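One chain, chain A, links the two complexes that follow: it is found with chain B in the first and with chain C in the second.
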Partner chain A sequence: MEVKVRPLECWNDFKKYRERYYKNYLEAKDKGGIRWAGSAWAFDAIPHGLGEDVYPLTGEPYGATCAFFHDFSRQCLETIERRGVARDLCGYMRNYWGSIAQNKYLLPDGTTVEPFPKPDFNFTIHICCTHAKWYHYAAELEGGVPTYAVDISVGPGYLLDDKRINYVVKQLNDAISWMEKITGREYDDELLIKAVYAEADSMSTWARICKLNQAKPAPLEEKSMFSLYVLNLINRSDPEVAKLYHKLYDEVESRVKRGIGALTYEQFRFLTDNPPPWAFLKVYRYLEKEYGAVSLGAIYTFGLAGGWLGMDEKGEKWIWEPAPTPEEAGVEITNREEALRWTAEYNLRYRASWQHEYSHWIRKLETYQMIKDWNADAIIMHINRGCELWNLSTLEVRDYLVKNNIPVATYEGNMADPRDFDEARTFNVIDSFMQSMGIERISEK
Partner chain B sequence: MIVAGIDVGSKYTKVVLLNENKEIIGTSNVRTGIDHQKTVEEALDEALKAAGISRDDINKFVATGFGKISVPFADSELTQVVAAGKGAYFVWPKVKTVIEVGAEESRAVKVDENGNIKDFALADKCAAGTGSFVDAMVRYLEVPLEEFGRMSLDAKGEVPMNAQCVIFAESEVVSLLHDNVPKPEISRAIHDAIADRVASIARRVGIEDDVVVIGGLANDVGFVDSLKRELGTEVYVPDKIAPELIPALGAALSGL
Partner chain C sequence: MGKKVEELPQLKQFREWFEKRHEYAKEWKRKNGGKVVGYYCTYCPEEILYAAGVLPVRILGSHEPESITRPYLHDMYCPFCHDTLAQGLQGRYDYLDGVTLAQSCLHMRQSYFSFVDRVPNIQWSYYMPFPHGVNNPHAAPYLRSELEKFKSAVEEWTGTTITNKELDGAIEVYNKNRQLMKEVFELRKSDNPPITGLHAMEMVVSSQIVDKKDHNEVLEALLEELKDAEVEREAGTRLILIGSEDDDRSFLELVEYGINYPATFVYEECCTGARYFWDEVRPNEDRLMALAERYVYRIPCPAKDWATGELIRRRFQHIERVIKDYNVQGAIITQMKFCDPHELDIPALRDLFDKHDVKHLTLELDITQPVGQFRTRVEAFLEALGEEDLFF
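And then the complex of A and B:
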């Protein structure tokens, strides 16, 4: 299908925000501000209550940026391996640690500055063996940084009850007292409330944007989506981020109405799985150029940054519908307790990427339903050596999909260690997969 | 109409010439040299000679194999997966699971009752389940390649071999030799190790009868025996054409 295309008008807004974000973290001390570091999955609305000059650095997107710049990534990985860190640990984490160990901070344009900016505190979560230790060791490497981690091991959203929510809320209350103590600042509940509203707005709006990609032709392709979804991984509780997502939603909706697509020629629609090999995003371009194949998204791209209804109440079916914001749910947040309860419940119930970490069964249903809802022809799964958490059930999901007559291809790699990727073999897998389905190269048409 | 299927493998380059009745009229199998294009020319000349025809008689060239790019005059290219599936289905129409073990790669291909590819899996960056593993082991045992497979069938017992890697396996074989373990037992241990690796790839797509093994290692009776035991099912080696020629045959079939 020949498609009208045009560049995204708000592309530069997202790019500039990301550049400013990393620069702000670097220069926070010059402005008398506070730096904190933690997982992209951390409850990032909480530190907002410390003031408007509080700047985060989330580890996974930083590790992915390192991976994108192969040479810097290799330096990070080799540096941290010389310190005795095993090669089979999380790729993001090793890049992050390696960056600290080299005392070099990478900016999104690929330039590095020294020294690596030390955070005032680490604030993260425990969701897997990696996240449980990431910031403990980072703190050691940085010569000691106060570190707080929230345990979220309460099970999937559809099994949530008051006891489980309270377990997390109690930790968040405790974290606020801890932050006040280590920063010497008085906590501002109004800023927290504002951040909590913005978080839900950003995540639910991203989910609505993802839904728009069900259209044919697809208005977005996943390689570009990586540059868009990332704002929800670096600072989703910033009202400016929520505004940018609204702007993006309006533009993508307009593209759908006008039939504007992401590719000039769309003949094949597929999903991906797992974090991508960040050093080799050319895989996506190869599929586009050679086969007119558009990647519509993944449970990673959609689920990490989006708020979704997820499993139904009986735990039998996955529902890919945007989660409600406080306004849509008819909830008014007026104090700290309500804000903490909202953010705890919203994340535990609607953060799609947390749900399947509790159960392989959920991930199977989630992936299968995405293939159906987005009218995908197939899925290409990354057997990702760089993430135990995500890769734990990849082959189980693959088998489930094959049994349900979904065409699946797998290739091996690593989201953040370029040494683990075999480019020629991956292209061979893609060619074999496409040819086995009778998909012709565009040049052969 | 005559179609030439050319399979440029990492160790051997194979050519199959097919006429419009799908009859094989000539084949060749030439060691792949450093200069792939020169090897392709040699292999093609040999097949043409066997068929008693000239190059001008060929209507279509279809290339496959890791070095398919080295056939600049090819009219089309076929991936190894599809070539293996097509070729195996042609010679064994009841096939559901194709296992190909070449010099540097192994793969499993699932085909349906019409010969369409349903699924496939490739060995990932590992030589342990390939023909080069055998080459390395034969060097250590100092036995001719032809004897190595048969020797395995004479083994009186099983010797466990833990290595899943060519490099570590070599040191394990050296240890076994130092322990005076008879060569047939070592041969079987090596074949079992390869079969274990290959079977794990095949299980990714699911084992469904009939299972057909193709590629150079299908000529090794010791390996085929180990693979049967490992999979717990009959494994067939097509006898109408040498098993290493089947991907080239698949390529030729796609051009008809």
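And then the complex of A and C:
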């Protein structure tokens, strides 16, 4: 299918926001502001209550940026390995630790500055084996930065009950007192409430954008989506981020109406499922250019940044519909307790990437349903050595999909360790898979 | 002088239980007519199962090379989780009625779910969202609510009612087991520890797979015998073993019996060692709260040991006490390949040993591969430690 294509008009807005974000973190202290660091999954609305000059640095996107600039990544990885850190640990974390150990901070254009800007505190969550321990050791490498991790291991959203939610809410309450103590600032509940509204808005709007990619031709392809979804991983509780997602939604909706696609030639629609090998995004370009294959998204790109209904109450079906915002749910948030409860419940219930850790079954249904809903012809799975959580269940999912007649290709790699990727072999896998699917090279048509 | 330690029947009994664990469980079932539940990870509140008349047995590997798990678990997950699943797939756990996991590392989780799905004899399974944040004050009350659900699920499945009386009975048996093993460990503080790390490992692992009542009887007899048993071996360098799941006999044999430089493990800081039994259940009118506190406040697995406001690791605090109390001279860190929770602690752990001037050796272990490859490194390590002694 020949397709009309147009560059995304709001592309630069996203790019600029991201540049500003890393710079703000770097320069926060010059303006008397506060810096904090933590996982992209941290409850990032909480530190907003400390003031409007509070700047985060989330570790996974930072680790991905390091990986993208492979030479810097190699230096980080080798520096930290020399300190006895095992090579099979989370790739993002090793880049992050290595960056601290080298005392170099990477900006999104690939330039580095010294020293690595030390946060005033670390605030994170713990769901995989790594998150909290990542920041615990980072804090030690930095000479004892105060660190607080919130345990969210309360099971999947559809099995939540009050006690499970309360466990998380209580920790969030404690975290606020702790932040007040270590920063000496008085906490502002109004700012928290604003941030909590913005968070749901950003995440549910991203989900609505992802749904638009069900259209044929697909208005977006995943490689570009990586530059768009990332705002939800760096600062989703910032009302400005929510606004940018609304702008993007309007533009993508208009592309769908006008039949504008992402690729000039779309003959094959596929999904992926893990963080990509950041140093080798050319895999996506290869698929596009050689085969007219469009990557529609993944439980990663959609599920990490979006709020979704997820498993139904009986645990029998996965529902890829955007989660309700407080306004849509008819909820008015008026105080700290309500705000904490909302953000805890929204994340625990609707954050897709917090569901499939709790059984192979959830991930099987989640993936299967995505393939159906997005009209994908196949899935190309990255067996990602860089993240034990995202690689969890992948082989069981593969088995399930194959049994359900879904074409599956797999390639091995590492999202954030460029030394752990075999480019030629990956292209071979792709070529053989395409051949087996009867997809001709565009040049051979 | 009493009997030679190596000839004590109790130590032989532990070994036999360890080697014939499947036969033991089948025989137990035949005799008692009860159900047997396999548990993954030592955070499982075994007392609740035991109170319902169920025999909880820890699912362990067999240390044999295998490749049958590769279609289900990627090879970046630890060999232990592969090995345990392999046992199920090979039918070695064909007597299990159920299987449960108290949420621990992601590796165990993967193996558990595949075990539930793919081992045909499993009729009942229970995944418990055990808190990871055991260093925060809300973990114990939260766990209490999860224990309540677990208890109801066990009651429903077994058709029993677990009253305080049954819970008290189970707690008593389990606490006694913990006390007795601690008494045995106490003896290892002496200049000439009566038992080796190999004996201790067989003692602890056998306690994870047999009825604790049976185990207690043997432990009591062992303590009697050890009072005047004849210790034939030279203690040599006093070592601590640090690790996750270390039931690899050949490795302990190599270090303690197979090297020219004498060495003895005086403490095993692992989940097949002290971490399993060290802490007791403290009496509480609310029995489930008592259990919750025991499991939350036990020496934590690295998977659960991290900062919630304060930069402390409770496990490290415990290790520091052990170094002092057991006069530890060297540490062998057996790093299970791909085990993230433990790997994440290793840089800081080495710093800790350096701080206390305890020499350390880190070995990356794949429990399904022969340990002979470590001989040279262990030998060099023990030799260096032995030489140091000469100069002081």
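Convention: the second predicted complex is superposed on the first by the 445 of 445 C-alpha atoms of A that agree within 3 Å, B and C clash if a C-alpha of one lies under 4 Å from a C-alpha of the other, contacts with A are read in each partner's own complex, and residues count from 1 in each chain.
The rule we apply is simple: a residue touches a chain if its C-beta (ideal position, glycine included) is under 8 Å from a C-beta of that chain, and two chains touch if they have at least 3 such contacts.
Computed from a prediction, not measured in an experiment: that's the story for all the values here.
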item	value
Touching partner for A:Trp308 - first (chain B), second (chain C), both, neither	neither
Chain B versus chain C as contact partner of A:Val408, first or second or both or neither	first
First (chain B), second (chain C), both or neither touched by A:Asn428	first
Which superposed partner A:Tyr148 touches (first chain B, second chain C, both, neither)	second
First (chain B), second (chain C), both or neither touched by A:Phe43	neither
First (chain B), second (chain C), both or neither touched by A:Leu395	both
Which superposed partner A:Tyr368 touches (first chain B, second chain C, both, neither)	neither
Partner chain in contact with A:Tyr25 - chain B first, chain C second, else both or neither	neither
Where chain A meets both chain C and chain B, residue numbers	383, 395
Sites on chain B touched by chain A in the complex	66, 76, 78-82, 85, 116-117, 119-122, 124-125, 204-206
Complex contacts: residues of chain A adjacent to chain B	383, 395, 402, 408, 410, 412, 422, 425, 428-429, 431-433, 435-437, 444
Chain A partner contacts - residues on chain C that touch it in the complex	71-74, 76-77, 103, 105-107, 109-110, 113-114, 117, 127, 129-133, 136-139, 142, 145, 302-303, 306-309, 311, 313, 335, 337-338, 340-341, 343-348, 350, 362, 364
Touching residues (chain side chain A, partner chain C) in the complex	83-86, 88-90, 126, 128-130, 132-137, 139-140, 144, 146-151, 153-155, 163-164, 166-167, 170-171, 174, 178, 357-361, 383, 385, 388-389, 391-396, 399
